[in-house]
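A short worksheet on the structure shown next.
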Amino acid sequence: SQKAEEKAAEAPAENTEAAAPAASTEPIKIGVAGAHSGDLASYGLPTVNAVKLYVDEVNKNGGIDGRMVELYIEDDVCKPEVATNTASKLVSEKVVAVVGHICSGATKAALGIYKDAGILVISPSATNPELTQSGEYPNFLRTIAPDDAQARLEVDFAINTLNIKKFAVLHDKGDYGKGLAEFAKSFLEATGNGVEVVLYEGVTPGAVDYSAVVQKIGRSGAEAVIFGGYHPEASKIVTQMRKKQINIPFISDDGVKDDTFIKVAGEFAEGVYATGPVDTSSNPINIKAVEDHKAAYQADPGAFFINGYAATMALLNAIDKADSTDYDAVSKALRTEYVETPLGNISFDEKGDAIGVGFSMYQVQNGAYVELK
Amino acid sequence: MLEINNISTFYGNIQALHDVSLKINEGEIITLIGANGAGKTTTLLSVSGIVQPKSGEILFKGEPIHRMKPDKIVQMGICQVPEGRHIFPYLTVSENLDMGAFLRKDREGIKKDLEQIYDLFPRLAERRHQQGGTLSGGEQQMLAISRALMARPRLLLLDEPSLGLAPLIVQQIFEIIKKIKEESGTTIFLVEQNANLALKVADRGYVMETGRVTMEDKASSLLSNEDVKKAYLGI
Amino acid sequence: MDYFLQLFLSGLTKGSIYALIALGYTMVYGIIQLINFAHGEIYMIGAFTALIVASVLTILGFSGLSILILAGIAAVIYSSAYGYTMEKIAYRPLRNAPRLSPLISAIGMSIFLQNYVLLAQTSDFLPFPALIPEFEFLKPVSHIMSSAELVIILSSAVIMVLLTFFIKFTRMGKAMRATAQDKKMARLVGIDVDKVISLTFIVGSSLAALGGILIASHIGQINFYIGFIAGIKAFTAAVLGGIGSIPGAVLGALILGWTESFATGYVSSDYEDVFAFALLVLILIFRPAGILGKSSAQKV
Amino acid sequence: MLNELKKSLITAVWFMFLTFPIMVIKVNTVYNTIVWRWHNLIYIGVGAFFGSMIWRWLHYKKTHISERNIRERLKNGLQNAIVDNKKVLYTLIAVAVAFTFAFPHMSNAYQINIMTTALMYVVLGLGLNIVVGLAGLLDLGYVAFYAVGAYSYALLNHHFGLGFWAVLPIGGALAMMFGIILGFPVLRLRGDYLAIVTLGFGEIIRLVLENWNAFSFGPSGISGIDRPSFFGLTLNLSQSMTALYYLVLGFAVITIFCVNRLQNSRIGRAWLALREDEIACQAMGIDKTKTKLTAFALGATWAGFMGVVFAAKTTFVNPASFTFLESAIILAIVVLGGMGSILGVILAALILILLPEYLRAFSELRMLIFGGSMVLMMVFRPQGLISNVRRKYLFDKMNFGGEKTNEAK
Amino acid sequence: MKQNDQTLPVLEVKGLTMDFGGLRAVDHVDMEIQNGEIVALIGPNGAGKTTFFNCITGIYTPTSGDIIVHTKFGEKRINGKKPNQVTELGLARTFQNIRLFPNMTVLENVMIGRHCRTKAKVIGALLRDPGTRKEEKDAAAVSYGILEKIGLTHLANEMASNLPYGAQRKLEIARALATEPVLLLLDEPAAGMNPQETEELTGLIREIRDQDKIAILLIEHDMKLVMNLSDRIYVMDHGQRIAAGTPMEIKNNPEVIKAYLGEEADA
């Protein structure tokens, strides 16, 4: 309990320091939260790498206004109940902002705690529309477009470009996939003009075989499949569809726009459509970030790396511009200042969605995703 | 043939045997009698390796066996009819008997022995396809004894063979015990509550009290010993 | 009718996949009455070993069939080794412990092995090469059945038959049955119980490895988590059929496969697992020891 | 000594062989790369060598102790000193109580938060302990009742704005009802068959929550659930966290009290007997179904209560919180604690829930360590941390010599 | 056999039959037991004695026949009743293969027997109201009293599994007595006991009958005990009742001698 006493003695001192704007040698504490272990680690770790890479660079160049950036990296394994622990831990560590969390569910659970403590949260990957649209979380921003935007694009593309009327909408029963599919379904149903959803089903993720669902697609008379979910299930479904000679267009989302998908599905991936963030791979910052990652980890970066990188840049830029770590100032700077990121020149709207971050449609052609203009 | 020298056996921290020594000569029937909980079963289990004595030694034909695993001990020709029968409940009667001959390789011999067993216990022949677990208590006891005989042991350890058997069968069992000794020269180590009968078939006897051997004598002398009479024969 | 047939076949495939894993499960359960939650992980390790070996061989320039065979052998060897070691470390010391202790140990082992592979390899899905060649004679009906599916169905049938024979008629099989029913007595008739249990783990693990390599090349991708779901399904199948019974495991697996397949086909795949588990509950209510399970032979 | 070295050497070689493909070769079939990590082989070898030595040493100690010293340890050991010596016991309890009550004032929000979680698991563990530890019914789907409680509050709060205190009894009652509904058909199943059915039931509940959007909002869950109110006070976050801590602490105390009373009662005895021998139990006039059902329903009720608390604590629920792993962890708490032992369950809950939190520093390794320690703890303490000491209590109370003298007075 | 027309027999069995698949283990057996009577059921191994017990005590549901009890707890045809219901009606039993609750103490084992004569519910257990407390105290006292009678008080706090065999057998009887039976069914109570212990047991059984007026039906292979103790004996073979009568009659019944006793029967 001696420690506790020390802490108690420390606390008021810190408060006075925080109040004094001139105490500017204090490091800037940034939290990084997301799934860093367990089955979803591959969605969380790239962001950790991104934040680390960028912050290292910033610190090497003398920090922000002379203050070093200090990282607090905490795992939430994408579970709501763990996320509240993670959040309260970061709050206790007095971070000024958090890059994360990765999954929408965990994010929702954690946001209440951050909100109360006055901590900004920028997620690279939580796409649930409610997060920004409900207005409940003014402290939340993200560098990824919400699900409904993606669903909109898929539906518009399918109806306008591919001229399809009958749809099978599938999802993986997950937070992300099912959310997307719900939007796609409601957009389709609102279209009229003979557009209909002939099949709406969830598949069990991780199941060993999808042939029954595939047969059902075949029987439903659908002219195209819209799938909400991630690449492992998508590749299994596409492969079995093609093997069972169901050769209708397969339209999916960002979770499928991944090289692994093409590699796994092989020849069967050919022709699959997937939405993904507007291609910024020719953006010099993007190129540099990826190069840095390769140099540091000898591997290509994984999912949401760029989004995480952009989130960090936006956040640190805002702190820099605001010349303070004060919640209101930073929050305002995020919404007013534009910043060059790997995703392009972005800022945030009132709700917290990134302006200038959008999706475009891609198609697998000759074993690679090609952006369709 | 079997020599038990000063063994002490423990269950966890409870000492069940205190420096027990016994000796069985080839072709002999000895019996061990004693009250409930005296340590008779423990002595048998120590011989067959299910529990290992903490100190002391057990020699079978001069060879130490007290650190061997049970299957090796069985291989040497020591076979036990355990207390509580331990019938394999889902195996049929004939499969149970077959298990008795697990280590034997002579198919012809096994077959012949099986026939013999069925002659001995027509009840088992009648029930040969019934699951062991559904036999009546006495039927199970017959099966347990027969199963041990199927191994053609050189030393047979019998733990309360008469338990739960009808008077007629008890007589029969003791006749069989005498017969196998005479016919195949099997050595028999018999633990019995029915001390009367046991001492009648045995050559020599030991009396055990709370983990210690307290008496050792010719069976006939024990039978007429006043103390034994009072304590174990109920006369 | 055509649709029915298609669903029937997909159920058969799915069921056979479950069966391959359920067989090992049921064997291990049969002998030490342990729900070996880590069995799925053995299957996963089998698949990973096969993947690693196949990748190395591909780079060394081996050709299709020899890769399949060598990777298969490696998977079997390594899975058995893992199964054997696991039994020795996590279960054998608990032979006389309260009944639930090994169960917790098994759950711990399952978590451990998952994370071991996750850390040593990757959490991503990795493409698994299609090691099973496409058969010419199946070309015309390839939209109904692929060669991988055929191989899976045949393998599980063959393995079931072999295993039944092994258990029923070989000396080792008899020893296994005896050990399963009464370990003390098994010792007393001269069975080396520890050896028999080890052997059961080895056989069960080899089956899991075979399942791993066949299923992985059918699905085309693996990650460290595939064992868990497959394990739960296999466990369900084994119980459905009557745990400890070899034909029961296969029957249970097939019923499970068909239930899921028909539920998907005629109702909705949203609830395929709900149907599967509901069926399990129903069957167990009417046959408390599973379809082919022996009801208690215990007499009072 | 040489022999020991040899054994360790063999173990090391075996583990090097065993881990060779997975630890040494890292393939990435997306990019067709292979990395050879030979250094891992050396780590494994050295690790296994010393690991096996420690392993055998621990084993030696374990068997050694169990054969020689258990009795003395039991006689003089800490555990019994606690139980026998009322003074020590009460002092210890007093210290523990003082600590738990003072805890929020000595630590930060994070500590309070994880301690609250740990206490919730104490209650869950004790609830499941009724089912598994006392009545001997292996329940692998306990989390289903937890989910019922959590969703009762989430939904009632979302749709009707009902408050925490109003829903708490409703959540408990609903969970109990589910317990009874499930219990009726399945309780005649034996051991592991019951296990799989309860596992299936747990999955069914989760799957329904996941798929029935109209009812449960599906996988995206329900957010913005109200935290509990306390006497109409308006609390900020850290105050309400502290309040919640005390609430759960109170719950834990009440649960301990209840479970303790239950297990020393007529019903508790019947549960124990049922666990030991069902047939004999029936022959003694105990209604098997009714007794089991009581245990099942009571256990479920506690899970229901905690579910409500859970929803109030995280302010967000989705089906992902109610997976099989959750059931497994609660079960591990019961078994690890020592079946039927209240003190053991408390200790195990604290260990199993706090361990991963304090292992955060090892971020990636922590689940590996977690799984590994579950195995190790079982191997070296198969009967659990604390074996059930309840019977000793019973003797004390039923000291008939004492009673007779009382009567004489 | 009715001694008094007003008193009905405690147990009345008519044409009881039990089949296992093709095997008829009990074949149209009749039996009547009066209050306070000691009746023995003997017969070769596999004759169907234990099965007969199991039918009466609700462990098996008989294929056909009637089992009727008349006790202070009620009069009923109990075919197909659950074991606990049968016990509540005043029929208690012991098992051929001992079935104690091994990890409970001796006293607790007996207290389990009190279960069906006590009422405390969950609420009572939680609140520990005076009623419950009294009931609990009484249950312990009664159980202790029974242990006293059986002579096991010195072991009251011992784990049942640690008891010597003979004591375990006695404990089974004590446990059954705790249910306040009107009829006590004992399945081979003397098995595994040495002659000396058997002697003691004989005394105990007689005492139970004399003091508590409990009727006793017992299966036993120890002829000395059977002949000493029983008022009447039934003999079964191959599921059928082959004889019934006083010990004297049975001892000299040639059919019984041939099927069961053997020549040098009585010890």
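We call the chains A, B, C, D and E, going by the order they appear; numbering starts again at 1 in every chain.
Note that in this section a contact is a pair of C-beta atoms (placed from the backbone, for glycine too) under 8 Å apart; a residue touches a chain by one contact, two chains touch by 3 or more.
Just so you know, these numbers come straight off a predicted model, no measurement behind them.
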Chain hops separating chain E from chain A, counting only touching neighbours: 2
Innermost chain, taking as reference the mean of every protein Cα atom displayed: D
Pair exhibiting more inter-chain C-beta contacts, A-D or C-D: C-D
Computed distance of Cα centres, chain B from chain A, in Å: 74
Whole-Å gap between the CA centroids of chain A and chain C: 37
Cα-centroid distance, chain C relative to chain E, in whole angstrom: 48
Rounded Å distance between chain D and chain E, as computed from the means of their C-alpha atoms: 42
Sites on chain C at which at least two other chains make contact: 115, 122, 124, 126-127, 270, 273, 296, 299-300
Set of chain B residues in contact with two or more other chains: 134-136
Chain D residues counted as touching two or more neighbouring chains: 28-30, 211, 279, 364, 367
Chain D residues touching chain A - in the complex, by the definition given at the top: 28-31, 106-114, 117, 210-211, 213, 218-221, 223-224, 236-238, 241, 310, 313-318, 320-321, 357, 360, 363-364, 366-367
Footprint of chain C on chain B - complex, ascending: 48-50, 69-71, 74-75, 79-80, 82, 86-91, 95, 98-100, 102-103, 131-136, 147, 151
Complex interface listing, chain B residues touching chain E: 33, 35-37, 84, 123, 127, 130, 134-139, 141-142, 160, 163-171, 193-196, 230-235
In the complex, chain C residues that touch chain B: 171, 174-175, 177-178, 181-182, 184-185, 187-193, 294, 296-299
List of chain C residues in touch with chain A within their complex: 3, 6-7, 9-11, 13-14, 17-18, 115, 118, 122-127, 142-144, 146, 215, 218-221, 223-226, 228-230, 233, 260-262, 264-265, 268-270, 272-273
